[in-house]
Every structure is written in structure tokens, then in C-alpha cells.
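Letters are used for the chains, namely A, B, C and D, taken in the order the chains are written, and counting of residues starts over at 1 for each.
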Amino acid sequence: MEKETGRIEAFSDGVFSIGVTLLVLELHIPELKNGENPTQLLQELQLQWPGYIAFIISFFSIFIIWVNHHKIFKQIYKRNTGLMFANGLILFLVSLVSYPSALLARFFLSDSRQLSVTIYTGLFVLINLAFNLLWEQASRDKRLLRPGISNKAIRQLRNNYLYGFPTYLAAFILSFFYPDFALVICVLLWIFWAVSSRKINFTEVSDLI
Amino acid sequence: MEKETGRIEAFSDGVFSIGVTLLVLELHIPELKNGENPTQLLQELQLQWPGYIAFIISFFSIFIIWVNHHKIFKQIYKRNTGLMFANGLILFLVSLVSYPSALLARFFLSDSRQLSVTIYTGLFVLINLAFNLLWEQASRDKRLLRPGISNKAIRQLRNNYLYGFPTYLAAFILSFFYPDFALVICVLLWIFWAVSSRKINFTEVSDLI
Amino acid sequence: MEKETGRIEAFSDGVFSIGVTLLVLELHIPELKNGENPTQLLQELQLQWPGYIAFIISFFSIFIIWVNHHKIFKQIYKRNTGLMFANGLILFLVSLVSYPSALLARFFLSDSRQLSVTIYTGLFVLINLAFNLLWEQASRDKRLLRPGISNKAIRQLRNNYLYGFPTYLAAFILSFFYPDFALVICVLLWIFWAVSSRKINFTEVSDLI
Amino acid sequence: MEKETGRIEAFSDGVFSIGVTLLVLELHIPELKNGENPTQLLQELQLQWPGYIAFIISFFSIFIIWVNHHKIFKQIYKRNTGLMFANGLILFLVSLVSYPSALLARFFLSDSRQLSVTIYTGLFVLINLAFNLLWEQASRDKRLLRPGISNKAIRQLRNNYLYGFPTYLAAFILSFFYPDFALVICVLLWIFWAVSSRKINFTEVSDLI
């Protein structure tokens, strides 16, 4: 059976790669008011550290979302309207990432730190929900899936995205009280993902997003 | 017969995915004049709601245009110069979308609301016309089309784009008198599209753009 | 013989489609100083007409460059270092287009009109030279080309790019004395291209860039 | 054996082509304070020469990185998590290039010249390290590689990236004392690359990044 999702993947890859590359536009060249000497410049660059952190977290979050998108679409061979729109929702949320990321960079050192982290983690809760929706749409009709996919693999994929939900929700709720800790959870999720996926066969999907 | 439109689709997918992702650059980080406390920030973020609406409408409009482009090119196997330029016209108009979208976001809460909605809906009238032109160019010479495509399918596709025209035109005309209602029509068109296309076989194209 | 230029074309398509889509970022939202009424906005939008002209000319220029790139690479099956770098030079110049285009938009109504048109047309002379270089690199070693390509087709392609050179050079020289007329030549070149290529078989390449 | 790295290459090509095209956004339209006459404009454009140099060096650096990525992935047929993340690291660093490039353009004519060159060359040291990591991940498990690849070719590729390291490190260290000379080394590396790769068979990879 021929795979018919080529252009969906091409369009999605476009959105992911642009989303990831536009993040750099949120790093600003410092305006030096007291002379252009290197001490001044270095100081200003150091003061922008929340921007670098936001850039790194956002880049690798989108990258991991792309890896998961890649995995999920390896199992999908046909598409219907529900699938198209679930995928559109993921792309919509991914194309948004650079905005909360810029808010985080701008307000992390201000009184609005908590609010900016809450908005940021809230977006990742929505992205997790959209992935759940995508897999729900795809696995509902087995004719859309790779022929010969096992029920176990379908269940595993569903569980991964389902288990991701409470973790992201926990980060979101924590952000109201301990914003820094909420961000740490986001980073720990990558490490967990990277380590756990090393052990398993890549074609047997079982990672958190 | 081999499909020869691979690079046209790749280039078009590039323009669509960038067009959709650049929209986020029109969301601006609020400048807080009276302190950086969260109440202030939240208030400023809320005041930007027309920007969020414009982002959502523009994103899903381009997304639906891409879905339609995808569908139409599933039926096209060869290209000629007329087809290349009709497609170029669509891409030109799509690459423009973020500008009227930014106008809408900026002036929706001002006296210029009506003007900005009129410009916005006017662009979608032109996009509909360009789709009519594309299908006219493609269906004129049956050698360009998928071998074995039925006359009924060709007619259906033409009708879809033709029927879209009065709807978009109505939104455009309405925008002079009831700008909000004109925007609502644009959104209703998606819902109509999503619902109607769920019922039909995806390979038998019959949606509004 | 297998075509080995897939990733070169994919990368080039990326640059072309981004180059074409970034142009819209040079259209600016008017800042209204005397109220936000529609008359004011409309007036400001009308005053930006050189920006619209620059956008249109630049968009379709890059589009036509892409069409030509597409045609030339249909004849190329293998690559060597010379070819990679000639292609890199084309992409470099194309990625630059939005800058002279923005200069043109900004200074067309000032005393610097002539200078901005000269820079703009000068870039297209360079792009024409880069296309000549690309085809020279490709056609030098027939093993790089599509098997069975006729000597006549090779000659035709070379002539097209060679004949383009004096035309672009003429536009460049004219720009010193009659800048408006130089821009008109650029537009006429498209029309010539579109009309002439309608008559000929698309696979027998014979258009101006 | 089927190649399974298609989407990794597509995503990477997206990041490379966007990274290369966004560079133009760092070229700014001059603001003319004393009239808009051409002499003034020309003078201001000339004063921006560090921006042009930075644009050229960054463009061709990313281009050469892409060429090397292209070469290395011609030898890779399967992927595992380590490979995915080594590739992600390369893309992360490449998506960053425009920021140090903008710093270089902005501060090259100030007292901070040395600092900006040091940051710039430092990034290329990291990119070289990431390439070493990628090839280390890929060549560790021969099942990931093109079937029939010779041990000699594997060793040659490793040596190329290893030999690149001291050169980039030398440029980085030199940048503290002779920043201009450090930039010259970066450019010389391209010329070396271009000349040396002309002589060898393209499929037998042996270039510096």
C-alpha cells in the first residue's frame, strides 16, 4: 500500500524547520549606551541570559516535537479530514512557540516571571493535547495506519501521549508557584526522552513527546 | 504516466509553510510603561486580542488554501506555462496575507476597522479568483490531468471554486457595512469546509476553498 | 541513470521560497500621527505604492528565476564541485534580493531614486551571470547532463542565458539616466518570457531568465 | 537496503535554507538624517561594509556546512537516537549563526571588534565538534551506514572533521589577538575546501567542513 502522506509531511517539516529557525530573531543586538567597549558589550550579552535559555528550551522542544511527528507519521499511510485538522492544530501551536518564548526571555527577570512561565508551559499542554488528538484520529480507523501495525504498537503510542499529559499539566500547575521548577521539568522531559529512547528499537515507538 | 509536478509542489509547500509561520512575527511583545508587574502585562496581552484573532483566522485560511492546493495538484500530472503562472499568482497572494493580517490586528480597535477588514476580505476574493484560474488552466488541456480523471470530478472541482467566489465576494461587500460579520463569514467557511469534507471521499474533491 | 541532484533542488527550493516570502516583511504598517481614521490610513497606504511595486517586481523576478532553475536542473543529473558553487552563487544573490528591493521601496520617491534602481538592476545582471556560469559548469562535462540531451538543446540553453545578459546590462546602464524605464524593461522581460514560452514545448528549454 | 533518512534530510535542508536566507534581515536600510540625496545614501551604504562581509562569510559558511551535511548523509542509511540528537545539535548551532553574524556586523568597527570575532569563530569551533559527534555516532554502528562503504572512506570522513578541529580552534585563539586574521582563516578554509574537493571524486568524501 502506498504512503499518501508525503505532502503533509513536507508541509509540516517546513513549519517545524521555520519555527525552529525564527527563534533566533528574538535574540537582540545589545544597544550600548555607555561606549562600545568590550566590557560593556560582554556585560550586556550576559544580561540576556534568559533569552539564551528560552532559545535553547524552545529549540529542543520543537525539535523533539518534530521527532515525535516523524515517528507518528511513520505509522500513518492514509489521511482523512480529521487527521488533516488535528495536524493543522499541531502546526498552529508550533508556529506560535516563538511568541511565548520571547515573552519568557523578556520578562523572566521581572515581576512577571511567573506569568510568562505559565503561558509558556500552558502552550506545551495544548501541544500534548493536539498530539493525543492526532493519534486518536489516526488510530480510530485502522485503514489509515501502516498495514501490519500491531495493536500493541497502537496502544503504546496512545499511552505515550496520554502519559505525557499529566507531566505537562504538572509543569503548568507548578508554574503558578515555582516557575523555575516548571521549566526544569520541561528540560528533564527531554533527557528522559533521549535516554529512554536509546534503549528501545526506534521503530517500536515508545517515547514521551 | 509519471507525475511531473514534484518541484512545483515542493516550492509551493515552502511558500505556504513560511507564509503560515511568519504570521507570528506580527504578535508584538508588550512594552510596559508602568512597571513590569504581571497585572500590567496580562492587561496589555489582553488588549492585543485582535492580533490573536487575526493570527488564528490567517493561519487557518492559509492552511485551508494549502489543503485545497494539495487536492487540486493530486489531479494535475503535467504542467505548462499557463499553469506555472496561475500557481505563481496564488503563491504571490498567499505570501501577501501577513500584511493585511497585520493591518487588521493593528486597526481593528480604531476608526479604521472597516477599511482593514475590507482589505483583508478583498485579498481572499483575489485568492479565490486565482484558484479558479489555476483549475481553468489545468482542465483546459486534459493531457495535464491525472489519467482517468472523470469529467464529473473535473466539473465538481470547477464548481467548488466557482461557488466559493460569490461567498467571498459577499464577505467583501458586507465588510463595507458590517465588518465583524464579514469576518464571521470567513470563519464559517472553514467550518462548512471541514464538516462537508468529512462526509465525502477525500479523493473525490468537493470543497470550497 | 539516476538523478542525483535531489537535495540540491530541495535546498534551492527552500532558499527560493523563503526569499520570495520574506519580501512581505518590507511592507510596513503605517504609523498614523493625526488620528486613526480611515482617510488617513488609506492615504498612508497609497503613499507606500513604491513598496508595492518593488514587492511585485521582486516576487515575480525570483519566481521566474526559480522557473529557470527548475528547467536547467531538469537537464542536470549529476553534480560536481563547480556546479555546487555556481548554484551556491545563484542562491547567494537570490537571498540578497529583498535588500535592494527594500532600498528601492524606501528611496524611489526621493532624490536617490536613480541610485536605488541602479543597485537593483545591477543585482539582476549578476544573477544572469551566475546562471551563465551554472550552465557553463554543467554543460562542460556531458556526463553531468540528462542522458540523450541533444547538442541543440545544450546550445539553446546557453544562448538563452547569453542573450539575457545584454538585456539586463542595458537595463543596468539605462538606470543611470532613465531609472523608470530600466524598471519597465525588467517587467517587459517577464512578459516576453511568458509569451514566448507559451509557444514552445516546455521540455525544450528556450526562455530568457 | 532502503534509505530511511529522507525526513531528517528534508528537515535539515529546511533549517539550512532558512538560516542562510534570514541573514539578509540583518542588513538595514540606512536612515538618512541630512537629506535623501544619493551621495548621502551611497556614503551610508559604504559605511555598512562590515555587514556585507559578515553576510558573505556567514552565507558561504552555512552553505559549506550544508554541502558537508549532504555528503555525510549520503553515507548514512539508518538512524538512531544518538544520530538524531547529534544532527539536532548541528541544526541548533546553524540556526544561531545569524546572531553572532549580526554582532560582527554591528561591532566590527568599534572597540568590541575582537570580542565579536571571538564569539563568531567560537561558534564554528562548536559546529565542527558537532560534525565530529555526528560522524562518531553514525560510524560507531556500521548497520547505520551505506551498505558496502569501505573502512577507508569511514576513516577519511573522520579524519576530515578531526583535522578541521585544530584549524577552527586556531582561528578562535587567533581571534583574541588578531581578529582580522582569524576571519581570513575562515575564508581560506572555503578556498582550500573548494580547490581540494575539485580533484577528488565527489562520492569519495574527503573535505574539511
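One rule holds for everything that comes next: a residue touches a chain if its C-beta (ideal position, glycine included) is under 8 Å from a C-beta of that chain, and two chains touch if they have at least 3 such contacts.
It should be emphasised that the depicted structure is a prediction, and the values quoted were computed from it without experimental measurement.
On superposing C-alpha atoms, the copy chain A sits rotated by 90° relative to chain D, to the nearest 5.
Two copies of one chain, chain A and chain B, touch each other, and the residues they use overlap weakly: the shared fraction of interface numbers falls below half. Centre to centre, using the average C-alpha position, chain B and chain C are separated by 26 Å.
Distance from the chain B centre to the chain D centre is 36 Å, each centre being the mean of its Cα atoms.
Looking at chain B, one finds that residues 10, 13-14, 18, 22, 25 touch two or more other chains.
Contact residues on chain B toward chain C in their complex (touch as defined above): 7-8, 10-15, 18-19, 22, 25, 79-82, 84-85, 88, 91-92, 95-96, 98-99, 102-103, 106-107, 110-112, 114-116.
Within the complex formed with chain B, the residues of chain C that make contact are 9-10, 13-14, 16-18, 20-25, 27, 29, 35-38, 40-42, 55-56, 59-60, 63, 66-67, 70, 194, 197-198, 202.
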